[in-house]
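Below, subunit A partners subunit B and then partners subunit C, in two separate complexes.
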Partner chain A sequence: MADNSMSSHGTKMNTAEEACSLFRLTDSDLAALKRLGERVVPKMDAFVEQFYVWLKTLPEYEVYFPDEAMVQHVKSLQRDYWVEVFEGVVDQSYVDRRATVGETHARIGLPLGIYFSAMNYAVTLFSVDLYDGNLNADDYAAAVIALNKVASMDTALVVDTYARISNEAAAAQSKAIMEMSTPVTQIWEGILLLPLVGLIDSKRAQDIMDASLAKIADTQARIFILDISGVGVVDTAVANYLIKVTKATRLMGCQSTISGVSPAIAQTMTELGIDVGNVRTTANMRDALSLALQAQGVAAPRVGD
Partner chain B sequence: MAASHPIIIHDERSLAAAVLEATRVAQSAGLSRVAVQQLATVTSELGRNILKYAVRGRIQLEAIERKGRKGVRVVASDKGPGIQEVERAMADHYSTGGTLGLGLSGTKRMMDEFTVMSEPGKGTRVEVVKWQ
Partner chain C sequence: MSNNCLVASIQIDLTSDVLEQFRNDLLTELQARQARGVILDLSGVEVMDLTDFENIRSTISMAQLMGASAVVCGLRPGLVASLILLGADTEELLAARDLDTAFEVLHARAPGATERNGGSLASDHHP
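Now for the complex of A and B:
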């Protein structure tokens, strides 16, 4: 579902070049970053300790760091992460590692607010708290600008992956729901029923077609009731799909009825100019069922009798 | 009047979001049940045209009011290939996309106001209004 070559907003940020160009990150930025790195990388242990002092104040801390081993593991990853930043080399493996960080955070469901806040705090620690004042004013200013660019770029790479994974999860979920949403059921000898709910897209239309025809072949059903009372919109494409399904079932010797055509849908279909031809339609499922039972020679009990 | 954010139509999922939003806007504008259904259907038609011909485009939904009367405006625009012959495209059963060819003509019949602007190679803009 998700297109890996594009970010959630269609901005390409796949390669190191694309990422750097989006954030206007130049070689002189990277050089400035390296100069700041010479000042702060030796203090990396102090950085990690101070960062965790802040992290522990968050109410979510306990949830994400259940034990000391976990804390040590993440601390060492974080150390490597920032050492890499101050090396001043943004290449493909740099970009890929940021994607992995995004993936990890997405898997544990870390709120993005915490992520942004953490990046912001890290920038503050490196540029203010841990900075020893030993750069000239121009170099320092350039380094702070570069650090901010890199922090934003890293955040964007992480969030991008985060969004992709969330989208994939949603797509997998909707696929699972979709698969459950074409329950063609034999409700009586020779009678199949498919209640449709929601919106019908081309993928789902194909699923409906496949599931219906397969079930007709399995059960030798003669009557197929397609109930659309739960379908939100019947536009020309959906109407076309439904008509195709009824035509295909007829070829298999099974008569289809489209039931549950509400007044609003009936009026809309008429205005659209859709010709349902000789497809049998009924206002509700009860009528369709009653007709089906009669056709099968079953005396249908009348509701209310 | 409060205009909702334009919805970028680029796949069937975003189209579904636009249809749901159209239903919501039409209901809150106090449109009748049939009118709500028609507006949602029209949004779906216009969105499908975007997907089919332009691949990507946008739909903007807006609750409007004129002389105390409430309504909903839908604007569907894209920078796709445009419509070569608008008049023919407006005729029933005319389609270059292998479909029923009722979308645009049906849309016009269902809406109170309908404007289509298209320039080949530049894109298409369809604006419709349904009044309460």
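Now for the complex of A and C:
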């Protein structure tokens, strides 16, 4: 599901052609870039050093570069990246490698602000600080424009992946939370238990309904215990949701018991005039379980024996 | 089904014509065979609106007026959820998961309904 939503809203940058056309990156841009490359690639080591001098001034540096080996590794990746940029070839593998960079950044949780400012600083270094002035004015202008286009395109590719991965993580998380919020469990042959904890709103009530009915259909359960001892507030709306669930399970041939009705909940429900109909309610889960086991023909051990 | 009970199964999409025909067949059959119990197998029904549901419920009331106990069985989870959300009145309705449990429910209600006497047959509404 996450994949579909991403591809529908994401910019069309899956192939090298799409990425180039989005940033109006032409062959003459790439040629100009290559000419600038001839001037700056020999100074690549100087670039990397200067770049890291700047990077070290950032407060986040320590967090993302905990040891020297890491720094050396990233430095060499950085070097390879810019050499590649100045070769002036944007093909599918180039685009794929940018996606990998985005994945890495998303995984370590690098703030995008740092990534943007680093790209910007690198472009400035190449076009101003390290440039030796040996290109004619037209070539230089074309090269700077091309460099900006490439830098923006690469940033977009990285951010696109970064956003996709972050969204996937968020989607997985909300799915996990949803599953955790409706743990319908078979605790005995024909008996299902759903302990509810926290707040119940209409969205969650719907989840509870769907999960319960699906599980009843799966397990052929005859008895469904809905334990509400962990539900903080039972007002008219919540009570109606619960009653709807019990009605629905009855239509599936499954008898519901609402357990864990505390004195406070019992008082509120009566004061609010909530009619639970013929739904069986018990004060604690133990009683509900004991009734359920009896109904299933299991001799429930007497408490205290 | 050779118990003293009718098993009626609806396996097509519901329309008011289908339900009307079904009701007539069921009640006629009920009288002819002197059945004491009716099981409505709705496992083949994928969608049902409130009108269809009310229609089935009144058919059940009619069967009850004729002295039979009635149980619906095989309702699908999605169908149940939507009926409840639509606010269907399910108070008096007996329901069971499948045919086997429906027989058990009937037996608990009206023991006579499931005694074997070979008197009744299934009435099936197939396409």
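As a convention for this text, the second predicted complex is superposed on the first by the 178 of 305 C-alpha atoms of A that agree within 3 Å, B and C clash if a C-alpha of one lies under 4 Å from a C-alpha of the other, contacts with A are read in each partner's own complex, and residues count from 1 in each chain.
Operating definition for what follows: a contact is a pair of C-beta atoms (placed from the backbone, for glycine too) under 8 Å apart; a residue touches a chain by one contact, two chains touch by 3 or more.
This one's a predicted model, so the numbers in the text were calculated from it and none came from an experiment.
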Would you mind checking which one, subunit B or subunit C, touches more residues on subunit A? B
Contacts of A:Gly113 with subunit B and subunit C, given as first, second, both or neither: neither
Regarding the shared-chain residue A:Gly133, is it in contact with subunit B (first), subunit C (second), both, or neither? neither
In the overlaid three-chain picture, which partner chain does A:Pro59 touch, first (subunit B) or second (subunit C), both, or neither? neither
Output check: A:Thr268 vs subunit B and subunit C. Expected answer is one of first, second, both, neither. What do you get? first
Taking the superposition as given, does A:Gly297 touch the first partner, subunit B, the second, subunit C, both, or neither? neither
So in the complex, the part of subunit C that touches subunit A is made up of which residues? 72-73, 75-78, 80-81, 83-85, 90-91, 93, 95-98, 101-102, 105
Touching residues (chain side subunit A, partner subunit B) in the complex: 174, 199, 201-203, 232-240, 262-265, 267-268, 271-274
Using the touch definition from the top, list the residues of subunit A that touch subunit C in their complex. 209-210, 213-214, 216-217, 220, 222, 244, 247-248, 250-254, 277-278
Could you list, by residue number, the parts of subunit B that touch subunit A in their complex? 12-13, 15-16, 19-20, 23, 33-34, 36-38, 40-41, 44-45, 48, 92, 99-100, 102-103, 105-106, 109-110
